[in-house]
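Note that chain A is present in both complexes that follow, paired respectively with chain B and with chain C.
Here is the complex of A and B:
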């Protein structure tokens, strides 16, 4: 413990180490935040969510903060829900049990670009007779544009942008553009100001009720933007952090410690044990790593635990064992090992308390640098389609972006965000690793 | 003790041969006999490469992998340790009955362990003591060998050569064994430190109930400590004698030459030297192994000389038959 504190103090002499450590701390903080904000079950539910969970958010929306750097602000998503605002509703009950329900959903359109999609989601309660609604839009310059008359079920959606009749009426123009244009301007400009979506409904039964939610999807959304399934990318970005760190750490710890133990034991006893270990390592080094993982992923399971286990098993008998063996062979012949043998230290004591501590200084920097390489491996596997089918991870985001043509379509944020986090992680560990290398590897110190 | 014995250690016909290459055999220890009493110090003298260190390792069973033959008897306190299996030997003999200060003892300290803990290690291993008790014991030993208390918390590389050597000796003493084998405890040390170490050894010999086997080239300084001298040549013991008579009048021609090679302080005699080199232990000559270099060689030397006893002194030379 004392030596740990001492090493830490020495580590803090290196500015790169301070930067690296604070970056790692930030990543850990991000992980804690992720676990707090979206507990596992909720994160999984949202990540694997359907239209139900995500209908309020737009597809392929860029992060909202990108607007800060834009002259022409992109539209944000506008949501107005009558069930949240009872004062938007006025009910006029008739004596025959029917009633006229007027819903006025006001919103402000202020962007320099048009909305990408318009939809109204209806909810109503009734027994036999469906309520009837008439939808129209009131523009800031006083026009009222009739959109559609329709009967609605208990839940019903009116997709304004896909209303063929409306498009015909608007001379073939897309409603989300035509409706928000200033008719006076030439070339056409968006008309900014206060709009209202007016819904006049008639119910035919007492106690019958209508609620409407108007959503004008925008081009930007949230801190991180959204993907092709309207999911908020913040969830996989946040959740990817603990997954990546844990995967990297477990894989690095697993492979290094186990392969170091195997190398120590096989070197100490030597003979056939050493021979067998070396042959296994040589065979394993020839076997292709990725194809085996792909095989496991394809035929057995793509769950992160199975992949992690395979990575560790394949990594144990990797080239590391050769490096450790070389160091142990040298240590084994040291006079102090013979002295230990002379004073009756048992084999296990010599292996674990005399030989291994000698190698640890060399191991620590290597180990730190190994963590990000496993983080990258996990992301690469996800891009190859071997990502965990349940967990949201950084690699999964890149995979989705890739398969949806993010780069062709100019949705750079979708690739850059997880890529940035991956590079950030790599950089953080690399900076700490290099500083540690200087501390533990005295030959580098003077340079 | 079950069997009261006048001798602490009896070595009978101890043989240690190494394999070299496919067929070569190095006869490092080739039929060694000698006895050691309680509280007695024997000095093993001999040239480099005559098997002194191998003898020490054979006694303590610290064997490398390439063993050809390892046989004979090492009877300690009436118990033949050669008959024990490795695990019993490790637990019951090493450092409990016999300990060793290895050659280049300054390098025999674990670089990642504090010297105090290092010295305490044998106590932890053999007596199952807690670390604190063991450290207390180690502290006592440090006082014995003259290492100041504050060095206990340091690492080996923070100590001078002499300090490290003392620590190694402290480590050998810490379990209070009956026998300590010191393999060139003063090699690679400057003269002052050598003198210091020998003072420590003398002090220990007077204070503690321990026997020594001291392997050295340093004839002059070892004379202060020795009760008995054994001279080794080409894997064999050629003379065993009490120290007093040995230093005044060695018997074996090799021993005579060896003594003559020691420079004398106030005499005008030039130190003598021995022509040639000791024979290769890969293929030692038949007959007397020293014959080739012996100034008093004669016909009988073609055959292996017997070990003759003369006034309680053992000598392996045809001259005394």
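Here is the complex of A and C:
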């Protein structure tokens, strides 16, 4: 054990190992952050969320920080909600019970690209008679463009960008572009400045009111951007971290420990037991690992627990058991084992207390190197459509991105973000693993 | 990695036989070894296939395939029977159900699962894989065997090219680097080795991003242009262009760790006494490399290569899916989408066969390059 600690200290002499260890620490921090920021139930609710949860965020938006590296800033999503700002509303009650409600939603448009979509979400309370609203847009240069007059229900949405009549009025141009253009400029430029969406409503019952939320969807959103279902990618990116680490760690621990125990027992007793183990390893080699996982995933369950279990069962008799066997064959002949036998130590004592501890330092590098391969396996399965149906994971982001043609359509962030995290995890463990390997197996590696 | 120092196989029987007949010539030894290997491998395949059938039938899926097929056959026959034309709907359904029961009995569906499982095993061994529920082959057949056989050559083309390229590139660079131990290139390699932690498909994403999406010089996916060029030469060029990205992706995923492991082996072996002796005799470095370093390390290298090959073949479905390569891996992905059970099961069986063939070929090569054919005692080197 002492030499083990000494070896770990030696690890700090390798800059790559230090880098790897700090990267692993960062990943663990990220996991803790994920669990704190989005508790399990909330993360699941948001990840499986419907239009209701995500209507305020844009589709296919790039991360907001990409604007730092751009000369022409992309538009951000603008949200103005009158229910958050009572001062935007002015009410003029009439004696007959009806009232005129004026809502002015101010916003600043400052980007070099246009918004991608415009919508107004109305909420109102009334008994029988629907309120009536007239929507118009005030531009920085003082023009007022009338958009639409409509009656609204308790909840109603006016999708400005899909208003056919308005598009006709704007000579066939998309409203989100035409409304924000400088009419003086040629070629047309976006007109930056302070706009206001003016809503003039009339309610016909006492106590009835109107609230409006104006959303101008942009090209960028949040730290991580959004996907095809308007979901904030930050949630699966953050949540993917603990899932990936846990999956990798459990699979590596499970396969290594069980396969080491089997190797130890079978080499110790030798004979037919050893023979059977060897044959099982050969059969396991012929069993196609991924297709079997695909079969299990398709026929039984895609839950991450079932997949993890199958991975461990198939991994036990993988090629590593041969390495363990070779090591145990050597250890078995060592004088100290003979001594233990001479004083009458029981078989199980020799196997679990004398033989196994001896090889543990040697297998640690392998064990560390196994973790990223399982992390990638989980991602691979997700890409084949066999990801866990509930949990958000990195692989599922890549799968979604691919099935929506992210690379064809230029939504590179969607693929690059999870790929970066996967690579980061892979490199972190690989760097530590290779450094450990050079320390523990000097003859093989260092020369 | 470190499993590379172990031989694939360890059938002690062969070892003893070889020891007993130590004096016979190489050819008969290799032939005998090969024969024994074929027999053991065949049994291994049978057991592996049986396990596959068991796993698949845990939820009764193989039974379902059979039942569905029987029902379809009966429906066909009743529909084509002129005598049944004027019979009422109910009577026809009763007739169909009766016939299905008889047929199920005829095919032994009423027997216990143990007996049936061996029947399924037999049809798996003989590649009698049934009919697909949704998918069809390019020629329109629904036979799973045709669907798979039609796609097998494209899969073999991709992974065969990849395997040869990987083997020879890794061999070439590891020999060079073992000569230049401690040089800047050696250090670069060591720094690059952790890249092998990620599988090939992962680099495929980046390659597509760079070469297809941004630079637009190579196609995103597929096997040939659409429509396929008619001229053979153009066809080859188109095929080559489409193969570049998947093959490169697989290469990046596997090459660094292989070069690293092999370079280390060459280093260890080049510090052996007999190599020093050869140097002292004044042999050329080319001769030393070939006869004194490469020769004794080849079996180990082939073993590690076999393990790598298996990882690559088994990882096939992903790379084929990402690059829309029309091989069996892609077929499997489609089958998952359609929930086409017979195809999924059939492809698993074919993969098992592919792996067995790979293991066999490499075993055979192993026997040729290692004249000792000292299987199972290979650990003695370490």
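Keep this in mind: the second predicted complex is superposed on the first by the 436 of 447 C-alpha atoms of A that agree within 3 Å, B and C clash if a C-alpha of one lies under 4 Å from a C-alpha of the other, contacts with A are read in each partner's own complex, and residues count from 1 in each chain.
The criterion applied here is as follows: a contact is a pair of C-beta atoms (placed from the backbone, for glycine too) under 8 Å apart; a residue touches a chain by one contact, two chains touch by 3 or more.
Model, not experiment: these values are computed from the prediction.
**Student:** Sticking to the clash and touch definitions up top, decide whether chain B and chain C on chain A clash or fit.
**Tutor:** Verdict on chain A: chain B and chain C fit.
**Student:** After superposition on the shared chain, which partner residues are touched by A:246: those of chain B (first), chain C (second), both, or neither?
**Tutor:** Once the two structures are laid over each other on A, A:246 reaches no partner at all.
**Student:** After lining up the shared chain so the two structures overlap, which partner does A:349 touch, if you call chain B first and chain C second: first, second, both or neither?
**Tutor:** It touches chain B, and chain C stays clear.
**Student:** Quick check on the superposed pair: does A:402 touch chain B, chain C, both, or neither? Answer first, second, both or neither.
**Tutor:** In the superposition, A:402 contacts chain C only.
**Student:** A:386 in the overlay: touching chain B, chain C, both, or neither? Say first, second, both or neither.
**Tutor:** Second partner only.
**Student:** Examine A:341 and indicate which partner it touches, taking first as chain B and second as chain C; both and neither are also allowed.
**Tutor:** first
**Student:** Could you figure out whether chain B or chain C reaches more residues of chain A?
**Tutor:** C
**Student:** May I ask you to decide whether A:257 touches chain B, chain C, both, or neither, giving the answer as first, second, both or neither?
**Tutor:** Touch partners of A:257: none, neither chain B nor chain C.
**Student:** So, does A:326 touch the first partner chain B, the second partner chain C, both, or neither?
**Tutor:** In the superposition, A:326 touches chain C alone.
**Student:** Could you say whether A:278 touches chain B, chain C, both of them, or neither, answering first, second, both or neither?
**Tutor:** second
**Student:** For the superposed arrangement, tell me the lowest C-alpha distance between chain B and chain C in Å.
**Tutor:** Least C-alpha distance: 10 Å.
**Student:** Mind pulling up the chain A residues that touch chain C in the complex?
**Tutor:** Those residues of chain A that touch chain C are 16, 275, 278-279, 282-283, 285-292, 294-300, 319-320, 322-323, 326, 329, 366, 369, 372-373, 376, 379-380, 383-386, 398, 402, 407-408, 410, 412, 415-416, 419, 422-423, 426-427, 429-431, 433-434, 437, 441, 443-445, 447.
**Student:** Once bound in the complex, which stretches of chain A touch chain B?
**Tutor:** For chain A paired with chain B, touching residues are 270, 334-336, 338-346, 349, 354, 357-358.
**Student:** Inside the complex, what are the residues of chain B that reach chain A?
**Tutor:** Residues of chain B touching chain A: 60, 62, 65, 90-91, 94-96, 99-100, 102-105, 107-112, 121-122, 125-126, 168, 171.
**Student:** In their shared complex, at which residues does chain C touch chain A?
**Tutor:** Against chain A, the touching part of chain C is residues 1-3, 5-6, 8-10, 12, 40-41, 44-45, 47-48, 51-52, 55-56, 58-59, 61, 181, 190-191, 193-199, 201-202, 205-206, 208-209, 212-213, 220, 264, 267-268, 271, 307, 310, 313-318, 321-322, 332-333, 336-337, 339, 341, 344-345, 347-348, 351-352, 354-356, 359, 379, 382.
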